[in-house]
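Note sheet for the following structure.
For clarity, chains are labelled A, B, C and D in written order, and residue numbers in each chain start from 1.
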Amino acid sequence: MSGSKYAYVKGYELPDTILPNTYIVVRIDGRAFHRLSQEHSFVKPNDERALSLMDHAARDVMDEFKDVVLAFGESDEYSFLFRKSTAVYKRRHAKILTTVTSLFTSSYVFNWSRYLPEAPLKYPPSFDGRIVLYPSSQDVRDYFAWRQVDTHINNLYNTTFWALVQQGGESTTQAHQILKGTVSKAKQEILFSRFNINYNDTPERFRKGSVQVREEITANPEIDETSGKHRKTDLRVESRIVSHHCDIIKDDFWIARTHLLA
Amino acid sequence: MSGSKYAYVKGYELPDTILPNTYIVVRIDGRAFHRLSQEHSFVKPNDERALSLMDHAARDVMDEFKDVVLAFGESDEYSFLFRKSTAVYKRRHAKILTTVTSLFTSSYVFNWSRYLPEAPLKYPPSFDGRIVLYPSSQDVRDYFAWRQVDTHINNLYNTTFWALVQQGGESTTQAHQILKGTVSKAKQEILFSRFNINYNDTPERFRKGSVQVREEITANPEIDETSGKHRKTDLRVESRIVSHHCDIIKDDFWIARTHLLA
Amino acid sequence: MSGSKYAYVKGYELPDTILPNTYIVVRIDGRAFHRLSQEHSFVKPNDERALSLMDHAARDVMDEFKDVVLAFGESDEYSFLFRKSTAVYKRRHAKILTTVTSLFTSSYVFNWSRYLPEAPLKYPPSFDGRIVLYPSSQDVRDYFAWRQVDTHINNLYNTTFWALVQQGGESTTQAHQILKGTVSKAKQEILFSRFNINYNDTPERFRKGSVQVREEITANPEIDETSGKHRKTDLRVESRIVSHHCDIIKDDFWIARTHLLA
Amino acid sequence: MSGSKYAYVKGYELPDTILPNTYIVVRIDGRAFHRLSQEHSFVKPNDERALSLMDHAARDVMDEFKDVVLAFGESDEYSFLFRKSTAVYKRRHAKILTTVTSLFTSSYVFNWSRYLPEAPLKYPPSFDGRIVLYPSSQDVRDYFAWRQVDTHINNLYNTTFWALVQQGGESTTQAHQILKGTVSKAKQEILFSRFNINYNDTPERFRKGSVQVREEITANPEIDETSGKHRKTDLRVESRIVSHHCDIIKDDFWIARTHLLA
């Protein structure tokens, strides 16, 4: 008995190489996390434990994929930016996409009990993922700006909504009604006038999301005593992942980290 | 502040619809499971606990995706067959692929401690996945035959190899040397003559892999007393998942289950 | 000076292999043929010369591509069916698509003067093309049925419309108005009652379109005197292209030509 | 009879949108032009009439597609650059590819007799085409450099080869033998020492290929007497296509025409 008779079916596996020199963004999204958050009594509007768990899973992805230079997370979604020159898995679409999604999922489940020990996981949560390609650095900046604007809009809404419910004694229906059609300014006004909350003083983590950056560090280079120069072998570039909850819409963030889009 | 300025980046998400009327196979594979099996002391050549965990994760996928009618697992891989008419997620490639891969991964980690309580999971394991499309039912049959032949070849090799090492006192190097270039018959001969093992008496689970079938059951239809006919509302078709370790190469399996390829 | 420095750009040419074992249909459509027909005074509602030119170009495509077993043309469009096992150009999408489209275009221009000598070609006409894949033989039959139904619908409309204009003295606006919302039966009634035209007696070419079939002929096999069998070398299957204007919706056509979908 | 029953087959036409903000290059290549050149007695090593015909067909493509800003031709191939922001045909891959290929083919056949009146076209020539995407302007520059380097290499070889055959009395076999493995310098040396030909004095058309540029012209803007400014409506940018046989590898060409890569 030999496999050769059937091996022709392998010929149906078609190549799915990603265009070279293009930024690869993998975005994963929690599936049915509304239910997950209810079943495990997530704190509203933001559960810091759950967000920290997301961050942990994201760092595990970045530890595995050295070509992920930036990741941004909010709520139950996370976006990963691969440097445009990455040759990981020969840029095979499905391979990159599924490996990132699977590793993120695995880490999320594996580390759950560390972040939410009071709420044992009741069933296996899952994520979907997609790859979006961006040809230019401006596209990439606008992508992350898009996600951070989304973070802001959602968080302001949720913060006001839950203040109305938890502190204002409104029903969820009433709270929705009150907020319907309001602009940002009006929501901030409600927060301040009714609950004495200055939105800009709420935690940056909630307002800005999580920004995980691969920072490059030129490792501790010794000076050669004879030549007065660095020894070539010492000039390794090392990297470490640094977490921020900062603005990534304005120029400052990117100007300080030109290697991200290089 | 509005999201609209940046929302154009969503236009880079391109459609990835799968050709209609085509069988969709999702195959997931363990990443670096050689290391995983060593770090967690999997029994050689087959660890029934680990295989049962794979089966459990596969059933979780089938519970979620009613259009998966058949799944086949061996070692650290599993293949899922969607009926060719499936409209799940509007047949979006990445959505189907990542959700299956993520859910499988999640269930695997979530249920690990149930199957391997003696070997606490040390780090998050992950899987990659791919979609392969098959236009005809013969293609699909040959795909699963290809995987089951592979199961047989690998298992016979591994069974003989570990018999040589564990019972025969050979080093792994010697065992590889002994088996190099041997055909199936020769390996079976070694098993029988040196270890008194009749390969065909070893567990079917190891020789045939795991076959998970969605069996359709027409639910207990009552006869209407007046008309003498079934009540229309009773003619629900229900399904349940049944596990086998049986031959899926020969015709019998498929003839008995024509709905799988319908 | 060497090419190697720039040759990396060739790496941006990504593979585009078509799924094996799937029927490939290439459909080409005339671009702006409304204008072309006016500028060259095509006879209305059907110009037999122009249709014959289309047929000629289609046969040139079939002469070049032996794996095209069937072609169907109507008005300014033509569909070509490649046998599902074709390995032409290693099933590369763009290569197949552009070659068929280009050859059709070239033949159309090259042979124009032969079919419309009274109307010298004023400018270069062009076609667009697309590939559609069909996994099953039923899909393919329904595809061609779809095109032939379209032929019927358009031709009945146009025949009635131009009878109203050319013989009935209606303006084109009035003719459109008269036909608006009418079903087939009503149009046939107008043709018969006002113009004594029995639609079913109009030329089949116009009502059915053009069907070009590759018929297989087992070439002139001699019987070996000694063995009483055919000589193996004589059993060549040859093919020739036969034109029809026949029904391809009902079973008869396909039952008589099972090789088309084999 | 209605089309609706079969119209489902249209659902097999899958979207093929091209990634936004990416340069689109369409390259067409003559099929079997070796035979075409022999059957129609093309002058060797370069037939200016045939090259001019290619240029004409390319300009017809550029006249139709205003978003083609640059085209480069050599021998029997032509490359067309669409501006990266083009929205032509909603960036549908097959539509763009086939229309360009068909129009080029059509113009080539249509205009043949104008350029080669002494050699009536014997049969319909055809071209294949492909789309290659380039994300960055540097990629695009390197693509065109790659093609022009190719022009140089082929032309130098052919020029020397045919000098050896036509003027040197060598057989084609001998000529191949003489040139085998030679570098550029050696070929130029042969041309000069044996035939007194200074390669750099041969026509630029042959050495550099054909460069068709869409030049933008701000049309005749009148100054408003009152305001002293241009009238807004006069500031139309018009374009015309200009032919060159110039270097497109060095910076100069591109610096003078920054709009090409904008």
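Everything below uses one rule, namely that a residue touches a chain if its C-beta (ideal position, glycine included) is under 8 Å from a C-beta of that chain, and two chains touch if they have at least 3 such contacts.
Just so it is clear, the model here is predicted, and its values are computed rather than measured.
Comparing the CA-atom centres of all chains against that of subunit D, the greatest distance is found for B. Matching the C-alpha atoms of subunit B with those of subunit D calls for a turn of 180 degrees, to the nearest 5. Centroid to centroid, with C-alpha atoms defining each point, subunit B and subunit D lie 52 Å apart. Rounded to a whole number, the gap between the C-alpha centres of subunit A and subunit D is 45 angstrom.
Between the CA-based centres of subunit C and subunit D the separation comes to 31 Å, rounded to the whole angstrom. Counting partner chains per residue, subunit D has residues 12, 19-21, 133-134, 139 touching two or more of them. Taken as a contact graph, with one node per protein chain and an edge wherever two chains touch, the assembly is complete, since every chain touches every other chain. Against subunit C, the residues of subunit B that register as touching in their complex are 19-22, 84, 133-136, 139. Residues 11-12, 14-15, 17, 19-21 of subunit D are the ones touching subunit B in the complex. Those residues of subunit C lying in contact with subunit D across their complex are 1-3, 5-10, 12-13, 28, 31, 60, 94-95, 97-99, 101-103, 105-111, 121, 123-134, 139, 142-143, 145-146, 149-150, 152-153, 184.
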